[in-house]
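Two complexes come next, and they have one chain in common, chain A, joined by chain B in the first and chain C in the second.
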Partner chain A sequence: MLNYIIRRLLLMIPTLVGITLVVFWVMALAPGGVGASLLSAEGAMRPQEREELRKYLNKRYGLDQPKWKQYLRWVNQISPLGFEVDDAGNYGKFTFKAPDLGESMPRGRPVIDLVAEALPVTLLLNLLTVPIIYAIAVTTGIYAARHRGTALDVSTGVLFISLWSLPVMWVGVMLIGFFANRDIIQLFPTGGLHSTMADQMTFLPRFVNGTWERGWLLDTLWHLALPVICLTYGGFAFLSKLMRAAMLENLAADFVRTARAKGVGERAVLFRHVLRNSILPLITVAAGLLPGLLGGSIIIEQIFSLNGMGRLMIDAINQRDRELVLSITFVISLISLLSLLLSDILYAVADPRVSYE
Partner chain B sequence: MSEAIIPGTAGSAVDPTRSASTPPRSWLAEALYNTFGRVGARIGAVWIGVIAFCAVFAPFLANSRPYLMKSGGRWSSPLLEQLTGVDVTLLAVFFVGLGLMFVRKLNMGQRAAILLWVVALVLPLAYWPQIGVIWRETQWPVLMRGGLLLLGAIDLAALVGIPWSMRLGLRFQLIFAVVLLPLVVLLIVRPPNPTRVPIYEQYREMEAAGQIEWVLRAPLPYSPSDRLRDQFDPNRPHPRPPSWEHPLGTERFGADILSRMIHASRIAMGIGFISTGIALVIGVIVGALMGYFVRWVDLLGMRLVEVFGSIPQLYLLLTFVAFFGRNLYLMMVIIGLTSWVGDARFVRAEFLKLRQQDFVQAARAAGLPLRSILFRHLLPNALAPLLVSVSFGVASAILAESTLSFLGLGLVDEPSWGQLLNQAVSAGGGFYWWLATFPGLAIFLTVFSYNLIGEALRDALDPKLSGE
Partner chain C sequence: MENRFGVKDFFLFLLLGGLIVLVILAMFQFDRQWDHVRAISNELAEQKRTLRDIRDLLERGITVSTTQPTEQVAPAFERIAAARRMPDFAMGDRVVDAFGGGVARLTPLLSGDAAASVVQDYVLESLCTRDPDTLEWKGLLATDWTVTDNTQGFDEKYEAFAAAKRAEGLSDEEIAHHPDAPRSIIIDFKLRRDVRFSDGVPMTADDVVFTYNFIMNEQIAAPRHRAYLRRIASVEKTGPYAVRFTFIEPYFEAFELAASFQVMPAHFYGSFTPEEFNQSVGYLLGSGPYRMPNPTSWKPGMLIELRRNEEYWGVAPPFERLVFREITNDTARLTAFRNGDIDIFGASPQQYQEMVKDSVLVARSHHFEYQNPVGGYRYIAWNQHRNGKPTAFADKRVRQALTMLIDRDRLVDEIMLGYAVKATGPFNPAGQQHNPDVQPWPYDIERARALLAEAGFVDRNGDGILEDASGRRFTFSLTYPSGNPNYEAMVLAIKDAYARAGIVVQPDPLEWSIFTTRIENKDFDAITLGWTSGIETDIFQMFHSTQAMAGGDNFVSYRNEELDRLIELARKTIDPAKRLPLWQQCHAILHEDQPYTFLFFPKSLVFIDKRFKNVKVTRLGMNPRAEWYVPAAEQRYTQ
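Right, the complex of A and B next:
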């Protein structure tokens, strides 16, 4: 097992290098190259200032050097193992160091801080979503398999496909337009993660002087209700179909007949024998869902003004913030790569038959 | 390349001499027949038919320019005069395709090849004035001229190569040439040359001034970029809700929404098919090489698949869009470049299963070239999962384009469903329900249709389910 994990981690390195290559070269091959986006603000400057800025940028990012050197410089900067670089841009010795994601030019802040602020929001959104998707998809999958061919089986199938086809942005806009609208129905807040007064709330809801106070937890959940709805409904189709197929396959298997023949109760057959075997394929796809969910949360964050990674990305693009775009794509890819690895390991843990030796 | 996209290779395996009273159906045709026997797939096909009709006839359905008018004793047709090269090509392909449906002797692959040939013929003819301008006034002479020459060479190869490789018979080729001859002559004499800055309101103003004696207008007399500058009214700001003049209302800048939606269906279809085609070509080639050669090619290829698979597609798309310009054709290429991973996986899995089988060994032993083994012998067996993934791929490409447009990172001036949706919630907090409902519904129905067809295809092709 340990062997397998180590081998997988080592195989991740070429993939990570590949990701940096793709991300960097997409940018470097763009018209104007790397520097164009950085220098775009120079129109308002005096010639002397412009020259200074150019000099600084050349020093900082090596913009006057060939592209492959710039790439190596960037990789060295984000890698935890590499040459130390001091503020003047001189290279020191080859050691372990803190990976540096660079500095966001328009904001004048280290990228790592921006990512550390935004990542929890996106992760919270996704970690809330996955269990809900699973709970609903597994339940309907079991039900559909047991009542195969009935009207309910067919109609949930069609319903889930139509839900899957519903564009997230449409649902988001409609929900916010109809249910978070002062002129129509104001059931939910229009955006953000907390109310303005959330800092002064207690964690749990309570009555103060006879008036109801929401509390921090409920306030956050109230704000997250619409975004989570938008993010969940699309995942049902795939998972419940997978669950249904696995259940059907196992229900027809020999061991189920044996269990029934020796007098095991129907409930025990279903939940102890069939379900346990059917849940395996769902574990594997759990992490595979993540790239899709992360993509979907870009739209959600934009619609509901949640300051997560997606919103940061859009802002970074609009401000032509090269370091931020590069780092966000890199961090997001790293997360989904790690989650793929995690699902493989989980699979091996869950299924004793699987061996990676 | 043509082997990769034309599903006719499986169809051509049918023996033509066996044409008895009931023509034998190929395996693929059988699967398609089963698919479209299902209710879901039929509903999907009907909606896609509607969208395709809108896409082909968009300028005839919604246009500020009249079909035909008489002004100062002179008859003219501003609409026909202002058709673009794309309009003409689409119309030619549509009518040739319609004609081909009545020719029974041809299989699907041959029909697709003929349509491809028509595109290769009409497109350069329809664009030659613009090509001339680019040739003369380009910013990067070497790059642009080289590119044009390359495109010209590819086009010429297709023009000569397709009829040659199809072996259709001289009589058929003659009939075909005679049918297309008038169009070719017309395009050479009067190439489509639309004005760069159209003035849409001139016809309405002429009519108001009584300069037009007789006029026949399009059913919806507004072009997608007609911002109704002559009907400015400070008391009725845009966007306006649906009314009799504008059935679905107007958007922020005053253009008619229905008109924009009709023209946007063309972009949706184009993005859907072309980017899926690009993804398919890349995916098939990478997957085929990985599945056939195994060992280090597979190891290397899988890393490539992993790289593109683990960057979430939308982030990758946004990175591309952030650093490159916003252009329809670039967008097609980018969406194609970011969505080939699934196809490559399917083809690889299928080839891994097949590579040790006797017919592959036999093909190799017979000394067939690699191209032939991969695409003529192995690929037709892997077509089933690919067809399913194409159907879902078109849906997700359409979704990707409307997502980008919704986020304000898509096309700038061209009409797009996502771009309309983007305007539904204004910065000031206003909500324009008509701008949210109709374009969103169009995206949903189109994506739903492709997904329904994909689902039906998967069920029809799945041997496990055939016992049901």
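Right, the complex of A and C next:
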């Protein structure tokens, strides 16, 4: 097993190199360079300073060097084993060093700071959505498998698939238009993470001067309600159907017949025998979810004005912010590969028949 | 006995997980408390310092004089003082505004977007401001100024000097900054003595000089500002409260450049290394009526909230806080305005038309449509030179004909829904550069056809499309930025208009970065875009023949010697009485030559919550928020 893990870890390196090479070359070949960062608010151009800005950026980031040199410079920067670079750009010895994700060119800030600001919002959203999706999908999947063919099975199937077919951008705007609108019914706020008076609030809800105040914690959750609804509703269908199919397959197996013949109760058959076997496809899917957790959802973030990783990535692409795009892609690819490895290991743990020797 | 993982273990894990979550939440709460405690202790420290200053003053003794104070309220505050005299005036409440995009940084000089400068304008102050109605300059941080105009015969004097210095081997750059070089314009400002930054430190001439040197420091990431300030030879301190701005060559905007110079505190910004400054996001401290709650700690994603500066040296503004939220989605922003979550809403023509019909909304808010002097105009630019050869648009008659084929009144009515003013040139019709004698080209298909026939474009084979002498059809691509519904509707209308005359137009939407690259390389037939303008626009960049080089803003390669001469002369003329007629002559020439087809100047459309009083339209747009107020009974945010 250890052998297997080490082999997989080493195989990650050429994959990562390949990914970064492709992304780098696509960004380098894409038309429209730093000009995108000169976008003025209304789409009208500013009649000055373009040349100054370009000269400045070339000097600072070495943008006028040949592309392959720039790529190698970036690889050296990001690798934990490489040549040390000091502030003036001189190269030192080949040694272990801290990987440096670089600096975003149009914004002039270190990438790690930008990611550290955007990541918590995305993580918060996803850590709320994923358990909800799983809880609902798994329970309905189990129920549907057990009562196959009944009205409940068919109706949940139809419901989830129709929810899945509703496009997120439309649903998001509709939810705001109907449930966040004073003219119709205002159950939720229109967007953002906090209310205007949020920093005056106490943490937990309490009565202040006779009126009930929401408190900071509930206020944040209230703001997250609509985005979480938008993120979850489409996820039930796939997982629920997967769970149902896996369980049906196992319910028809011989060992279940044996267990029933033995006299094991229906509930025990379901939860102790069938479930353990059906959960394997879900583990595979769950491991694939981890990169999605970090990638964020650009549409939801745009509609609800949340500053998450999705917004960061799309802004970076539009501005041709090469360092930021490369760094985020690199981090997400690394996490994807690690989570694939993790799912393989969990597979071996969950199913004793699987072995990697 | 087997200890299987059962239900009880599941609940145990759930409980454990719950405890961990609660601990993390508690850590959040401690952080919030800590921020509050720190803010309180900062305020206490400031109060202690103020008390100590007062005690020192008392111990030294104060003489009570019976004469009037020598420094009056700055003339810039007359309008605010007038608002305060209104019967229902009350201090308090907040203004909540929303930006359509995220603000990446608030540090001055580094931030590029318009939203950041809106916030910075409340915290930093300039030497003078323009009166919103008379457009005259009124002193803000400066009380007085004298302008020494050496522009007479300046060119000869400078050339003589430069020739002598070149003979000594100096470069042009060194000659320009040589201490003995003749100077065209010298402006001496006298500063107020009672200005304090929001942390209590007094402002002196050193801060003005520091700001100039700071911007010109090549290590600071402010190349745009440096480009603006390259005309200045030096900014020197001529006394503890006096500065002198010296300009290299005569330029009509010299005074504006100096007067709108925002003064940054030396003691604050000087304490950072250039690297720290370049990487900062929220270092904002100034002498203005509002301040950031903490001058260093803002990060993008945090709410932008400006608190009233209680140490402000001038007349305090009425609003206790200004809040700037960030709502990217248009519909969400409109809903937020309807709900009363935000107080100001800038509408597109379609939204405005819908909103004006909504009686509930109209009852709850003021709405305004006005001509913004810094609002720009939309145009179609005809590329006259492509791939080394002149194009069909190089012929003036073709351009005039193309302008006459567009019914601009209809564009204004149907696409801008009437919320725009037809343009005849690059100058705002409400401004003084606009030539009132210039009449717009009429919408006249016959006359246009005749002109095109003169230029050689006739339908030779009866297929309904014009061809030139060699039989090539008159077809071109109209390039515009994609993703903007306004442009799309306009381009389709133009395509239709030209089809009637037998010209085939191919709409060519491009993503913004690619669009700018194509323009720089002059690789296009025609584009439609907009320029922003100002109270007085300098058209040198766009229409002077020297700017037709690669990367310049005269990307249509337009050349007219008479226009060049007039532009150069106007830029050097300091006296507006002599300069404005020159701009008007330029307008006439541009109208005749039509290097662009000038389309229209869009109007600004805005809805503002009704509780704000004294909201007016001025010649500079909406009047400043410091002049608004909310009567005590109608205040919404009271804390």
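Just so it is clear, the second predicted complex is superposed on the first by the 298 of 357 C-alpha atoms of A that agree within 3 Å, B and C clash if a C-alpha of one lies under 4 Å from a C-alpha of the other, contacts with A are read in each partner's own complex, and residues count from 1 in each chain.
As a convention for this text, a contact is a pair of C-beta atoms (placed from the backbone, for glycine too) under 8 Å apart; a residue touches a chain by one contact, two chains touch by 3 or more.
Owing to the predicted nature of the structure, the values given are computational and were not obtained by experimental measurement.
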| item | value |
| --- | --- |
| Touched partner set for A:Ile176, first chain B, second chain C, both or neither | both |
| Partner chain(s) touched by A:Arg107 [first = chain B, second = chain C, both, neither] | second |
| First (chain B), second (chain C), both or neither touched by A:Ile314 | first |
| Chain B versus chain C as contact partner of A:Ser336, first or second or both or neither | first |
| Touched partner set for A:Val23, first chain B, second chain C, both or neither | first |
| Touching partner for A:Gln302 - first (chain B), second (chain C), both, neither | both |
| Touching partner for A:Leu217 - first (chain B), second (chain C), both, neither | second |
| Partner chain in contact with A:Thr190 - chain B first, chain C second, else both or neither | both |
| Partner chain in contact with A:Lys55 - chain B first, chain C second, else both or neither | second |
| Chain A residues contacted in one complex by chain B, in the other by chain C | 30-31, 37, 173, 176-177, 181-183, 190, 302-303, 320 |
| Touching residues on chain A, where the partner in the complex is chain B | 11, 14-15, 18-19, 21-23, 26-27, 30-31, 37, 158, 161-162, 164-170, 173-174, 176-178, 181-184, 190, 291-292, 294-296, 298-299, 302-303, 313-314, 316-317, 320, 325, 328-329, 332-333, 336-337, 340 |
| Residues on chain A engaged by chain C in the complex (per definition of touch) | 30-33, 35-53, 55-56, 60, 107-110, 117-118, 121, 173, 176-177, 180-183, 186, 189-192, 194, 196-200, 203, 216-217, 302-305, 307, 311, 315, 318-320 |
| Contact footprint of chain A on chain B as seen in their complex | 40, 303-304, 306-316, 318-325, 395, 399, 402-403, 406-407, 409, 418, 421, 424-425, 429, 431, 433, 436-437, 440-441, 443-444, 447-448, 451-452, 455 |
| Chain A contact footprint on chain C (complex, rising order) | 25, 28-29, 32, 94, 96, 101-102, 104-105, 110, 112-115, 221, 223-224, 226-228, 278-279, 281, 299-301, 303, 323, 325-329, 331-333, 335-336, 338-341, 360, 376, 481, 484, 487, 511-517, 520, 529-532, 541-542, 551, 553, 637, 639 |
